[in-house]
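Shared chain: chain A. Partners: chain B in the first complex, chain C in the second.
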Partner chain A sequence: MSTTSTIVMPGERISAIEELAKSKRVILGPGLRRQDDTVVASKAGPLRHKEPSTFWVDNYQRRYIPARGDLVLGIVRSKAGDNYRVDIGAADTASISYLAFEAATKKNRPDLNPGDLIYARVLNASADIEPELVCVNSVGKRGKLGVLAEGFFFKCTLNLGRMLLRENCPVLAALTRELPYEIAVGVNGRIWLKAHSLRETIALANAIVALEQSGCAEIDKICDNLGDFLQA
Partner chain B sequence: MPAKSKPRLSRGVLDMKFMQRTKVKVEKEADDEQSRALYSNEINQKMLNSTSNFIVESSYSICAGLIDGRLSFRGMNPELELLMEQELAEKQGRTKPEQPKEVSDQDMAKAYYANKAPTVAGSMGKKFSTKKDFKRKNSGNESGSPHPKKKQQFKKPRSDDD
Partner chain C sequence: MNLPGKMDVGKDKLRQMNCEFNPLSRCDGSVMYSQGATVVIAAVLGPIEVKTQNLSIDGSYLECNYRPKAGLPQVKERIREAAIRDVLELALLAEAHPRSKMSVQVQELEDRGSIDACAVNSACLAMLVGGLPLKYSFAAVHCIINEQGEYVLDPDQSETLHQRASFTFAFDSVEGNLLLVQTKGAFKIAQFNDIECLCRAASAEIFQFYRNQVAKYHGRSEAIAEKEEDASMET
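And then the complex of A and B:
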């Protein structure tokens, strides 16, 4: 991923993409809209580009907008008939069927109570209907999804969540040099952490929150000092 | 339209047991036609045959190629770490399918012919060899003489023998 430093504002036409689209296919990510042959930004932030031809706007945001295929952390709010309502930080609560868990049947329901934390995939996301989650993959296996027991949960910006999940992000590797831990990062800006003791867990959470305002370039430098946050 | 000129099956025929699949197909066709007629004044020619170069993808994780957010380090959750390892192995297998060869092609060919090929080549060779070749080979092995034995012929008994 190359980091272009152009900042775009909502309503701004982006002619560079329009030019590129004349010759080949272009993927428009979140924050970009198209009307016929014009491409317009709909969010404010740095315009990102990934080879060969993917563009999106990496804006600062705390409100999650569900998108199909995202992995999110949600809190079970209530049980409504065959579905559970799950809060994923979006405008509407998401729903998850009791059958969307591994080895779940009509007789054998998953043991899910209000307040439980789940790591799930967004199956269905549309502006007009509530998002739908699943906790199994396409072959019915649990994989990495499911209920997260114990640990510590906190919210952050969507940007921080995404930054931690970048393929070559040094943060998580830097943290594990200090402590063994388990983590679940949702692209909806929610993080769940578990270490051997509560003290360690809180220290890790502090270290991650400290990265909140850092840019992509400064990350490496901050990672060297992460040990200090853990001591504090 | 070709659909209109096509002869239609009567309801009586479609209700027969063996026509059920055709019935579903016919119903779907009729449905499609109805909806096409319904929206025909909404859809213009541009919508029908415009080829756009834009693909809209609303997910950050797909656009930016983000990894799965569920991770475990240094044996905190062995089950999860096993999954991570498998995923990594799969990914590496996909990114570089050509692994370095421990034995070069030439060495392989040499070793193959030294070990296995003689038996295979022999059995195939036998198939195409003639009786003459076989005999020559046999005689060569047994006596070691380059010339085949003289064919024994019936000798006429001499008259003074008896």
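And then the complex of A and C:
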């Protein structure tokens, strides 16, 4: 990711990308669109570039827009025929088929009730139809997906969710040194946590929410505070 | 911008602009915006679920609410609301999120002149910070002709007490096209043209303000991101 970034405003033509597009394929991410032969921004924020040819406009949005392949946390809202309706924080509720769970058959339906929390992958996300979720991978195994029982669920900003899921993010590793816990982070800005006791779970949740204000650099300080809090 | 030579310009400077991003926690984007002593808060939600009666399969539905400082919205507020919606409808990239709703709320906090322009500008900033797709940003400028026949740009309330005519123009940021014209009072067509020039020149300053504020907002967050990169290198 390039650190030197120019701020673009909606409607601005980005000729640098147009130049690059003449020689090779470019991928336009969120906030950029093609208008005839020109590339135009539709959001305000710094223009980001990832090698070799991916461009997008960074901005601190709070509303989740579903995209194929995203890992999300959703709350089951209701049962509708062969599908469950799941709230994933987007404009529309998502649907998940009862066959999209591990070892589910027509006879053996998964036991899901309104209010249950599921960790799922977005299978299909087009603006024109409602998003579709799955809880299995391509060979029919659940992996880390599925219903999340017990634990504690809270919302955060989309940015914090993405930051925690980044491969080189030091936060979760640092917290593991303090306490054992299970976590599920959705890119829709939702987090589920479970530790041995309620006290520990809440302490961890507070530590993660605190990151939003301070950034990863202060993770050591937050871990110290966590230790103090648990001893008190 | 070349202004015509013989123009009676009483004041051709905009009042001091200020804004604060995301003062509200529960909406998708909000801004507190002030121009001089006129202050408004604007908030956007979107894309969100839409009622079936408003559902459109080839674009999003735009809802706009304007709330006065006290009491319920009356006719005056409804007109202002319609003006904001008209401008937003032109600027919003509706086809990006079909079957959804974009909702914009503008709350007046203090009206000390130019409230129409202020409300439109705050709506634009709220859309920018909420990350809603726009074709272009837009800026509105208010201007009056006072009793002496002078043009007063972005007047304070005290200056608007004795006015011959008042104008509100909105421009887009890309081609500078007119998006909104509101006029009141008696004026000559030449005066109208002069004032359009004056407002167009002033709108450039507002666009620069938008850009600076967005840069500042992201700059602050970027500082955190850089720190985090340093930290990950150390570990």
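Simple rule for what comes next: the second predicted complex is superposed on the first by the 209 of 232 C-alpha atoms of A that agree within 3 Å, B and C clash if a C-alpha of one lies under 4 Å from a C-alpha of the other, contacts with A are read in each partner's own complex, and residues count from 1 in each chain.
Operating definition for what follows: contacts are C-beta pairs under 8 Å (C-beta built on N, C-alpha and C of every residue); 3 or more make two chains touch, one makes a residue touch a chain.
Every value quoted in this text rests on a predicted model; they were computed, and no experiment measured them.
Novice: Contact-wise, after the overlay, does A:Leu123 reach chain B, chain C, both or neither (first, second, both, neither)?
Specialist: neither
Novice: Taking the superposition on A as described, I'd like to know which of chain B and chain C A:Ala16 touches: first, second, both or neither.
Specialist: In the superposition, A:Ala16 touches no partner, neither chain B nor chain C.
Novice: When the two structures are overlaid on chain A, which partner does A:Ala44 contact: first (chain B), second (chain C), both, or neither?
Specialist: Only chain C is touched by A:Ala44; chain B is not.
Novice: Which partner chains sit in contact with A:Ala104 here, chain B, chain C, both or neither? Use first/second/both/neither.
Specialist: In the superposition, A:Ala104 touches no partner, neither chain B nor chain C.
Novice: Chain B or chain C: which reaches more residues on chain A?
Specialist: B
Novice: Please work out whether A:Thr176 is in contact with chain B alone, chain C alone, both, or neither, and reply first, second, both or neither.
Specialist: first
Novice: Please work out whether A:Ile202 is in contact with chain B alone, chain C alone, both, or neither, and reply first, second, both or neither.
Specialist: Neither partner.
Novice: Can A:Val147 be said to touch chain B (first), chain C (second), both, or neither?
Specialist: In the superposed model, A:Val147 contacts neither chain B nor chain C.
Novice: Applying the touch criterion given at the start, work out whether A:Arg62 contacts chain B, chain C, both or neither, answering first, second, both or neither.
Specialist: In the superposed model, A:Arg62 contacts chain C only, not chain B.
Novice: Kindly list the residues of chain A that each of chain B and chain C touches, one partner per complex.
Specialist: Common to the two interfaces on chain A: residues 65.
Novice: In the complex formed with chain A, which residues of chain C make contact?
Specialist: Per the touch definition, chain C meets chain A at residues 27-29, 45-49, 57, 91, 93, 96-101, 128-137, 172-174, 207, 210-211, 214-215, 217-218, 221-222, 224-228, 230-232, 235.
Novice: Sort out for me which residues of chain B touch chain A in the complex.
Specialist: Within the complex, chain B touches chain A at residues 53-77, 80, 83.
Novice: For the complex, which residues does chain A have touching chain C?
Specialist: Within the complex, chain A contacts chain C at residues 3, 5, 7, 9-12, 31, 33, 42-46, 58-63, 65, 90-93, 127-128, 159, 163, 168-170, 214-217, 219.
Novice: What residues of chain A sit close enough to touch chain B in their complex?
Specialist: Result: residues 1, 21-22, 24-30, 34, 39, 48, 50, 54, 56, 65, 67-71, 119, 125, 143-145, 158, 161-162, 164-167, 172, 175-176, 179-187, 194-196 of chain A touch chain B.
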